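The two complexes that follow have subunit A in common; it is paired with subunit B in the first and with subunit C in the second.
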Partner chain A sequence: MSDVAIEAVTKTFGAVSIIKGVDLAIPTGEFAVFVGPSGCGKSTLLRMISGLESVSSGTIRIGDVDVTRRPPAEGGTAMVFQSYALYPHMSVSENMSFGLRMNGAPRAEIERRVGEAARILQLEQLLDRRPKQLSGGQRQRVAIGRAIVRHPKVFLFDEPLSNLDASLRVQMRVEIARLHQEIGATMIYVTHDQVEAMTLADRIVVLNAGKVEQVGTPLDLYERPANLFVAGFLGQPSMNILDACVHAADGTQVSIRVAHGPLIGLELAAGHGLAAGEPVKLGIRPDAIRLQPRGRGEMPADVEIVEHLGDEVIAYLRLPGTPEAIIAKLEKSSGVRVGDACAIGFAVPELHVFGTDGLARTRLAHSA
Partner chain B sequence: MESHVRFWRVVLLAPPLLVFGLFVLWPLADSFRYSVTNWNGFSADAAFVGLENFRKIFTDGLFANAIVNSAIWMAAALVLPTGAGLALALLLDSGVRGAGVFKSIFYLPICLSSVVVGQIWIWIFQPDWGLLNTALSAASGETFGFAWLAKPGTALYAVIVAWSWQQTGLAMVIFLAGLTAIPRDLLEAAEVDGVAYLKQISHIILPMLRPATVVVIALSVINSLKGFDILYIMTGGGPFNSSDTLAMFMYDESFKKYKMGYGSAISVVLFVITLTIIFVYFKELKKMDEIYE
Partner chain C sequence: MSAASEHKHVGDGWGAVTFICLTVLALLFLAPTIGVLLSAFKSTRDIALGDLWSLPQALYLDNFAEIFANPSVRIYLVNTLLVTVPATAASIALGVAAGYVFAKLPFRGSDLIFLGVVSGMFFPPQIILIPLFKLFNALGLIDTLWPMILIHSAMGIPICTLLMRNFFSTVPNALREAALLEGVNEWQILTRVALPISLPALAVLATLQFTWIWNDFLWPLIFTQSDDKRTIMLGLVSLRGQYSVAWGVQGALSIVASLPTQVIFLFFQRFFIRGMTMGAVKG
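The block that comes next holds the complex of A and B.
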């Protein structure tokens, strides 16, 4: 097990810059998840750590070793691919032991390690089967087993669950979490699925257009997104972003007028840099929206669509006379129906303020 | 099945079946029919001779010679174009510069008629001013005038070189297609596992190329058994039958010696050999299906 340090790493393909200077420290034993939209560079960054992709500039260290220019085999990483990358002509056991055999490991040691990995992943009964005779979940377990037998310093997972169906994905997610608890190795996991990121990660690294937008624990990122991108990317459904304008700013006290809505008073940390008349964005999670009878709340809305998810209800609200739509996540007992005329109330403590630069302004205390 | 569906199936399948029947099945059946006669190819009379032609085949020294030559021809056709095609495919797939151009260049000979290829290599092997002897003379400093195609010891092998030159492009293209079908992830997984490139070739690439290899080998064997035109152009089976293969032998007996019955019997033997190889080929293909998706 080792820590991973990424310093000022860039990657360019010709004139196209894919990774634009990433600095990151992943401590030993941490489960770090790289998340971001397609094309953000998360897989490229993972492949650079593995050595499969060259580094244009910067350094990557695993433990005390600078692996920036080293071939993949010398980095001490093991990788689990989205496609499983199992050798179709080899049995499960041969697949898992392939790397060790090719590198001349003693036979007894190979058998011990394969046996150990098979036990951890419950593959003992399948060792003689070929990949074609396995289900998707079993194949991915074999791919993970192949990584485990090498006792790598760092496990790298490149969207390992993307090819599985929804229920199997949940099951495998739990297995990977259990695996991390059991072997406690440093793991770096790439996904575009924010649920995987939120549930698996010790820390999430949100990437966008080749840059790190924010690094933090899942709850940190959910509750205190550093910018509009992170706010919009994490959370399902996405955070509602409303146009607003600073009504008055007096030191840390700022009052903000929501377009077509109420005036809200907030206390922001010093240095927020907001001035009266300045446009801002207000972010509010769908679960922080309260529906009230029309006339009591300050923001009238019509219910356009209602989705019943069993334990909760997603309501799509339209502000009359505006193109703006707001999504609310409500309890199943809310009784909301399509066509209801209602008013929106905010849980003010849960509002997020973003300046025109897209960056969040830190809240201090909350006032209605 | 609804009757109009059946009607259209029959209508659409009829033309190709008719052509196949007329130009493949009928001549094939006719070969079998003639193989038990003593027909000379012209006469209206052809007497039934039972299995006499076949008995004669297996006691004919020229047939034994043709079988040995065919075996050498087939073995060489298997090893040379397959090996060279695989090596070229691996090289061109490794991202070498100008791979696209080289692919076209190496594939070009297969587009040429065997007659043209044969003529090119006749010039190359020409004793006095041929490219090969000229090059050998320049390299050794002595005048080199060996008649490659006129010596019994080298004639067959000289044609094999020409044939391999032509067939390598086909093997290369099939292997390249096979290489493209190998998921990059498999090789990257091996790379991360520290498996050296030569071991990747022997343990991953070659086994994964097995379906392509089966196709290349089957095509090589079948093409080599049919190999006639290039031999006909370059040596005509000579000198002294030293480059006579089964196909050449069959041609000579049927059309030069006017023993169509005997020639047909030889073609039936050739057919059985080819059929056996195809049977093995299909069996291998089925095995591939059980391993690969």
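The block that comes next holds the complex of A and C.
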């Protein structure tokens, strides 16, 4: 168990810059999740922490030790790979004990550690099996077991559930969360699945194009995204982003006119830098949208598509005469149907304001 | 007739044609072997009277008795083993080492070096025959087994490197990385992880190299002079008399000479199993 400190770390392949200066501190015992779209550098950053990938500049420290230029084994990390990476010619117990055996650990110690990992992961019945005789979930448990027996300072998970089917993924997700509670080690987990990120993380690190966009608790990021990227990336369906324009700005009081829509008054923290006439983006989560009868709401809309998900309904709305589409997440009792002519009402307290720089402006209080 | 049954009928027709073609080819390839096999069990008189394909009048085993009684044959077999086993082992060992580096530890320019090594396969041995003779003559190794061992070890490197490099490329990188993270060194990864799952490739190489070196005729012909340094293939030719060809004895020795390669094949064929990497990664 240890804290991980990443300072001004970069990674370049020739002229291509993959990681563009990342600073990050992960406290001891934290479950940190790196999340971001494909190619954002999250796996590269994880591999740099493990030592499998060289660091172009900057430093990585685990505990008090600078591991930037150390060989992989000396960093004290253990990694669980997406592909499991089990040795196919070895049994489950041989897979788990391989590293210890190669490093000359005493036999009794090896047996004790393998037994302990097998107990934690309920692998006791499978110790003599070969990987090909195991299901995907069991293989992934063995891969985690192989990490546990090393008693690493930091566990690294590289998209460990991507190869599993949906139901098994949920089950393994719970098991990983339970494992973290049980052994309390520092864990860094890479995924592109925001549900995994939201459910597992103590803190989420959102990466995009080799840079950290925002770091925070799952709720922090969901409720107060720092910029348009984080706002659009977290949340399913994505946040609706509407074009708008500053109508008037007087100190912290700002009124904003939504394109094809109403005038909304908000109070923003000082230093928002918005001036009358300046274009802005308004963000609103699908679950903050209310559907009202046409004429009563602020923005008329037509229901184009309705998706029934059982406990809720996703409605795709189009503003008449515009190309803009808005997604609403409604209760199943909403009774919305394709072709309904309705109007959109905003829950103003839940509006997010982004400037032309893409950064969020902090809300102070709410006024309609 | 339905479309399905018509299709089946056409398929059967092609199947029969293919079967006949393959049978004819197989017989053509087997014919010389069958001829040699038959003459091994015929007396000299039997051979002189009949043709190559006639069945022996009686099962005649004296040809075998004669070659087993011949002390030279034992020397030929031992010499051949002394060349084949070390040269096979050396060429495979070097090919494994080089193949692992090219597949898993590439460095700047390694692809070019790999190309250079593999292009060695395309040199006809005749080109290097005279320089090699001069070299081994200068080293005083003519009429010893060393030239054959060294040449076969060296000439086996390209094919062994190519095959092992290609096989190691299919071993997932994650296996090596997982082992590296566990503090396992590169040599242990090669011997404990990469090689055990490369048994099919090793089996193919061992069979190929053993057969090729065992059956070699050219290099022993060039580098050996005395009878006690001959390998089995040279011995086979030298078994004829001054005025006659002992077909029966040569046939018997041909069969004996081919036994080790058959045994090697039978031994290794059980490792020719695909899917050894199954279960290593997503499967």
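One rule holds for everything that comes next: the second predicted complex is superposed on the first by the 368 of 368 C-alpha atoms of A that agree within 3 Å, B and C clash if a C-alpha of one lies under 4 Å from a C-alpha of the other, contacts with A are read in each partner's own complex, and residues count from 1 in each chain.
Heads up, the rule we're going with is that contacts are C-beta pairs under 8 Å (C-beta built on N, C-alpha and C of every residue); 3 or more make two chains touch, one makes a residue touch a chain.
Predicted model, so just to flag it, every value in this text is computed and none were measured.
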For this session: Would you mind checking whether subunit B and subunit C clash or fit side by side on subunit A after the superposition?
Result: clash
For this session: Would you check which partner chain A:R139 touches, where first means subunit B only, second means subunit C only, and both and neither mean what they say?
Result: second
Problem set entry | Touched partner set for A:S50, first subunit B, second subunit C, both or neither | both
Problem set entry | First (subunit B), second (subunit C), both or neither touched by A:A73 | both
For this session: Quick one: classify A:N163 as touching subunit B (first), subunit C (second), both or neither.
Result: second
Exercise. Does subunit C touch more residues of subunit A than subunit B does, or is it the other way round?
Worked result: C
Exercise. Which parts of subunit A are in contact with subunit B and also with subunit C?
Worked result: 50-52, 71-74, 77-79, 81-83, 85-89, 98-99, 102-103, 130, 132, 146, 150
Seminar exercise, completed: Note: in the complex, subunit C contacts subunit A through residues 172, 174-175, 177-185, 188, 192-193, 196-197, 276-283
Exercise. Which part of subunit A faces subunit B closely enough to touch in the complex?
Worked result: 50-52, 71-74, 77-79, 81-83, 85-89, 98-99, 102-103, 130, 132, 146, 150
Exercise. Given the complex with subunit C, which residues does subunit A contribute to the contact?
Worked result: 50-52, 71-74, 77-79, 81-89, 98-100, 102-103, 130-134, 136, 139, 146, 150, 163
Exercise. Okay, in this complex, where on subunit B does subunit A touch?
Worked result: 183, 185-186, 188-196, 199, 203-204, 207-208, 210, 290-293
